[in-house]
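Sharing a structure below in structure tokens format, with a few things to ask.
By letter and in written order, the chains are A, B, C, D and E; residue numbering begins at 1 in each of them.
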Amino acid sequence: MTITTETRPGSAAVRNRRQSIQRSLIILVVITVLAAFAPALLPESSQTIAVRVLIFAIMAIGWNLMSGYGGMFSFGHAAFFGIGAYTDVYLLEHFGLSPWISLVVGAMLAALVAICIGYLAFRYKLRSAYFALATFAFAEMLRLLATNTSWVNGTTGFHVPLLPDNSWSMLQFAANAPQYYYIGLALVVICLLITMFYLRSRTGIHTVAVRDNEDAADALGVNVMRVKLTTMALSAAITSVAGMFYAQYFMFVDPDIAFGQAQSVQAIAPAVIGGVATLWGPLVGALILGPLSDLTAGWLRDPPAFLEFLSGRGGLDVVLYSILLIVIALVLPKGIVGSIRDWWKRR
Amino acid sequence: MLELDNIAAGYGKLQILHDMSLRVRPGELVSVVGANGAGKTTTLRVISGLISALSGAVTYEGEPLTGLRPHQIVRRGIVQVSEDRDLFGPMTVEENLVLGAWTRRGVRMTQELERIFELFPILAERRKQAAQSMSGGQQQMLAIGRALMAKPRLLMLDEPSTGLSPKLTWDVLKAVAAIRDTGVSVLLIEQNAAQALSISDRAYVLESGTIALEGPGKELAGDERVKKAYLGL
Amino acid sequence: MSTALEVRDVSKSFRGVQALSEVEIDVAEGSIVGIIGPNGAGKTTFFNVIAGALRPDTGHVKLFGKDVSGMSPHRISRLGMARTFQLMRPFGSMTVRENVVAAALSRGGNHRGAHHHAHDVIEATGMAAWADMVSDSLHTAALKRLELARVLATRPRLLLLDEVLAGLVPAERAPVVELLAHLRESEGLTLVFVEHIMQAVMQLSDSVVVFDRGRVIASGEPAEVVADPTVVEAYLGQELPGA
Amino acid sequence: MTGPTKTGEVVPSKDGTALRGGSRATSRLGLRHSTPLIVTGALLVVLFIAALLRSGSMGITGQALLTGIISGGVYSLLAMGLTLVFGVLDIVNFAHGAFLAVGLYITYEVAHQAGLNPYIALPVAILGLFVLGVLIQLLLLNRTMGGTLERQLLITLGLSLLISNVLLLVFGGDPLSANLKSDPGVHVFGAVANLSRVIALGGALVLAVLVFLLLERTSFGRAIRAVAASRQGAGLVGIDVRLVYAVTFGLGTACAGAAGMLIAPFTTITPTAGDQFNILAFVVVVMGGLGNVMGAVISGLIVGLVEQLGGVAIAGQSPLLGVFILFLLILLIRPQGIFGAASS
Amino acid sequence: GSGGSSGNDKVIKIGTLHPLSGANAGDGTQLENGVKLGIKAINDAGGIKALGGAKLELDGGDTKGTPDTGQSEAQRLVGDGVVALVGTYQSAVSANVAAVAERNKVPFVMDVSGDDAILSHGYKYSFRMQPQNSRFGTTAAQYVKAIAAAANRPVTKVAYLHEATAFGTGVYQAFKAEAQKSGLQMGPEITYDAASVSDLTTQIAQVKASGANVLVVSGYYRDGVLAAKAIQTVKPALDAVVGAADGAFDQPQFPTDAGSASQGYFDVNYHFDDKSADAKAFSALYKTTYKDEARTGAALAYDSVRVIAAALEKAGSTDASKVRDAIAQTNLTPLTLSDGPIKFSDKGENSTSLPVLTQVQNGAPVVVYPQSAAVKSPVYPANPGQ
């Protein structure tokens, strides 16, 4: 018998099946084609939900890039969402600008603000919970500023004026027009493509490296600050697009909607439920969370007989919703996509 | 005293240990040598309850340890110094040591601390320094000191000499032998196989998750295969 | 031969602990310098100062003739210096190959070039069989090699190695030592390494520097230094049986 | 995020202090770092003078000072529990406000159903919420420990929704009250505050001292800090980590329960009454340094003062704006919070 | 749009949008109950006779108090084919729902939602039952002046405390404009953040320092209680505290929650017509059905259903635009105090709605002004908080 001592992998290491970009692209095409049929299949009344799913997805894709892949946990993505939404309604009201132009302006503005926040935060090495709460404070500050600033209408916010006819250039259509859905879908696809290609770029690779070990990346010559700021700016820009689209679809924005804590949660929750730092996680999570509260409300609109004493008292559907949320978080520690991937590897 | 019978264990789908058996008798110093990645640390983790075995049994003084959590195992007198040291980084050296005696309520701390400071004087000098700001080697001393504070009946050491100067390495190994002489059983994992074998009563060679060789320390140190593999550079 | 590294009068203290005091060291290009010293002598701190992770209280560090004191680590790294860490710090979620590619990419150049270079480095460090393993699940020996591969991918001219051999079984050490010697021969790399494994220090170093309590207490030819009674007293202790 | 870095090596930052992943602080008063304190002090003085000039009345400014300290006491009370859970378990507990609401309703039940003085409810609220917290940690959160921030965030957010809507189902949405029979004003240098608010401030201080003593002077407190520093290490010295987690979370919720009871006499009780405090409580926690109980108390007072003085000095803007600006300033000057201890 | 055939067993759906969970669930439930009682009343009386006795049916939506949920629920209800929407309590939500109604051409009757801006966009399909916010400010200034003059105790200076959002600010501005017209002397304007405030002592100290003898307050319920308690503690020398559309001072539970501090508080708000038999019957029915005191908002919701039912009768059709036109011509006596039957202006405002002055007397708010509506006479000076 001989004793082997040389280093060899043996069975004792996880082999990574790298997803090729081609495969991701194919999946994306399949998803898009399937999703394109949705308006034809879904009842008219669920189209708002479908659009909401898409808005959730865009926000979560943005959040996931920075907080999932980049490890910079943001609890203030409402800041970027709000900037996108406010830029849109402000430019529309005061200059009659097309939302498509506002989209670009809003994205740039959000990126700029992200860079400022990031620069301040990273200069002092804020990490994890501290960073999360700093971003949270920024969003809260923007909310308070918007609330108290008269040139953005204070608490009243903005209404998007109704147009008599459908207009592509002004991104306004009849209520429940399928155009909203298709535009939203296109935006989601674009954001996913951006994520895919960014993660394969030099800066994208370094983003993950910095997340895994900042000091090592620094010592290897990665400009940590630049990498972090770039990722943050891109993430903010994507999320601002969701804000613009939200404003156009819901036609109303006020400081709470735009910059409120709930909006930050809506950027996080789909990504967490779907799978943090996975490409498809935010989309899957949005698909589940988007309709969930409507579903629970629907189930309980007429409570079953044994719960009749509760009728007339709101809140039961939220109870059910929150229980589902907790259960999902407990049972699927890595989110749906993450758990499926682990299971796939483990087979 | 401690018996591992046909243990299989691993991480997730990775199985590291296959059908691994090992014994430590009372008052014995047993070392385990093996290549990097052979499963030495994994073995210790199974014993101290940090991971659970897929199959097989761990028995300590006739009682199974299966299903016990780490703190319950420590209460039975099995204490591990882990590879990663697992110190309480922001707490002081002294607090780390005092916590080492967590399972021994009502002992005279000053006396116990003196015992450790005698072995590692630098710890006395730095008793108020945060553990995380100590140098690599100093942290290793602290980790060993903390384990000794528990007055273990079975002490398990995972590469205690890693990062220690040659002088300290020898000091530590001598101390380990001295601990054994006070009646404590010791399970030692060491890269300095030559030195480890020279103080061991018995030793195992672990290879790819199973025991490949077993015998008295001195005897194994003379074994040609072992010499070639572990005593080289 | 020109100097790769010139350290003048460097001191560093942490609230009462004098980790380095008035350290002066010159490293000639293409040479291999071993650093030894008792635990807590300041060796890692010394590396942290040179690599820019810590700012010295006083003194200067010159790298290939350029003053780098106070520069950020990534800028120093781009001047041709690379370091490994005493505790391994892989990019855990990435495979070995991705780790190395990420390092190669930090030096400009295109993706194709980076991949080629990464491939070469992986071959050279004997990591080919590991290339597609997620680095989180590697064992000590593989991680140590990964650290090496990663720094080599940045095409350094000066390498700082902090206890690369610690935790390796003797049989694992030999190939690493060979690799290091080979790097100097073939690429003209300058090496400064901290190590407690004396055989490796003796075998590899052109000269040895001994630290104690933040000071350089001896330096010179390896054989000379280990014979120095102060070094024996502070560091080596009695003759090692079985060594 | 790939989990915490292994204990064992200093992560140096430029000023020589070590910052680890979440930079958990020990609970010592790190008064050595005076810059943020000076900045805060200076800001308070500036605000005081501005308030004085703006209102032109010492009476108003004095009242703002007193009200600031008193409402700051409420913030401290809430932040204490949060900071414990935050510092030790690494959980950003968004259900803290909901636990507070449970405390409110317990007080209401005692005051109304049993017709007793609301303060009788204090032990009931503390005990009840302790048990609730322990159960939640054992049944839900223990399974997620050592994981990432976002998962626990989702669970505590879910819990918060769950608790407030169960309260809504049981008690309905209409506001309730648990007033004292008589709640006279207490006069201090011409300023005045209700007795119940003064009692709340006193309660906050007493509670803070108790929690501080528990952490710093008892061996269980040392165990809590050990678990905060290294979970695996704590297991390896024989500490029952899950038990420590459960008790710590229970202590945190018990603090929320105590806070709920103490503020009940001057609060309108609704299922979402706790939510308004959540945001400020987090600000206070971070300003005080994660896991630092005394820091939380002092930061609570500072936030109360800034809010009140700022409200007088910069009328027209939300008083919270001043609080958030101070918060960001402190984060930027000293990321560990005013009292967050540096390593050694 | 909606439409459909008519038939004997036909049901006509009315959609509601109220906050049944979240911070305003208490009031939302009251409004929802008001709608339920309204539907029951119509059905018990034989349904919509013009449509062959068709029965009304509730299709309920929970806005959770957020505009986007409100909007998606509204969209769902429209998809369900409701003939009209009733809601929503919060102005921000109503603003969103009004836009949905306009785009889908479905009538929307607002029971409670005060913000003037909602109906400033020229919407055709939205109507409002309650007086808009600015009217509270205007009438409050008029009433204050009138009752002070009647008591021979002139107003020297008015201090104004209001929450800082559009609601409080809007009412304040209307008050100020009217005050300037009528020569009332205005003192300091003091604002606070209703979402986060937990103590109003400092603000009341400012009132005290200003030397005003009347304090006008516009806020929500929770902060209203805080203000009352602070006034009792600080004891400024005031003749009266007058709420202008304040969410607390006219509520039946206010005296319970604020205790003796509530005595003598005025509020200008919409209110039940306590003298009308219908209103009394409604209150009694509400109490037996839901074991709770009905608030005026519930009556507004009840009336909203009656407005829609009357419009269906008149239109004799469920066609949305016909129903809309019929609503625009409503002529119906409400349960709330008013200047006559409900009549909608071109903008959709209920032009006969009438804010009245209530005062807490002997632990309950009662209407004290104008005389035509008053049940009791005002006590002035009221010496609040003494």
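Convention: a residue touches a chain if its C-beta (ideal position, glycine included) is under 8 Å from a C-beta of that chain, and two chains touch if they have at least 3 such contacts.
Chains and their UniProt names: A, D = Branched-chain amino acid ABC transporter permease; B, C = ABC transporter ATP-binding protein.
Note that this is a predicted model, so its numbers are computed, not measured.
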Most distant chain from chain C, judged by the mean position of its C-alpha atoms: E
Chain at maximum distance from chain B, centres defined as averaged CA atoms: E
Pair sharing more residue contacts (C-beta pairs) when B-D is set against A-D: A-D
Whole-Å gap separating chain B and chain C, where each centre is the average of the chain's CA atoms: 29
Centroid spacing, where centroids are CA-atom means, of chain A and chain E in whole angstrom: 38
Whole-Å separation of chain centres (CA-atom averages), chain A against chain C: 43
Sequence positions of chain B contacting 2 or more other chains: 14, 35-37, 129, 133, 136, 228-230
Contacts with two or more other chains, residues of chain C listed in rising order: 14, 53, 85-87, 92-93, 136-137, 139, 141-142, 169, 171-172
Numbers and ranges of chain E residues touching at least 2 other chains: 21, 25, 28-29, 164
Chain B-facing residues of chain D, complex: 6-10, 18, 20, 24-26, 219, 222-223, 225-226, 229-230, 232-242, 341, 343-344
Footprint of chain D on chain B - complex, ascending: 48-50, 69-72, 74-75, 79-80, 82, 84-92, 95, 98-100, 102-103, 128-133, 136, 139, 146-147, 150
Chain A residues within the chain E interface of the complex: 43-49, 52, 147-148, 154-157, 159, 161-162, 174-176, 246, 250-252, 254, 256-257, 262, 293-294, 297, 301, 312-315, 317-318
Chain E-facing residues of chain D, complex: 55, 57, 59-60, 63-64, 66-68, 70-71, 74, 165, 168, 172-177, 179, 183, 185, 191-194, 197, 263, 266-268, 270-272, 275-277, 279-280, 308, 311-312, 315-316, 318-320
Touching residues on chain A, where the partner in the complex is chain D: 67, 71, 73, 75, 120-121, 123-130, 132-134, 136-138, 140-141, 144-145, 147-148, 211-212, 215, 261, 265, 268-269, 271-273, 276, 310, 313-316, 318-319, 321-323, 325-326, 329-330, 333
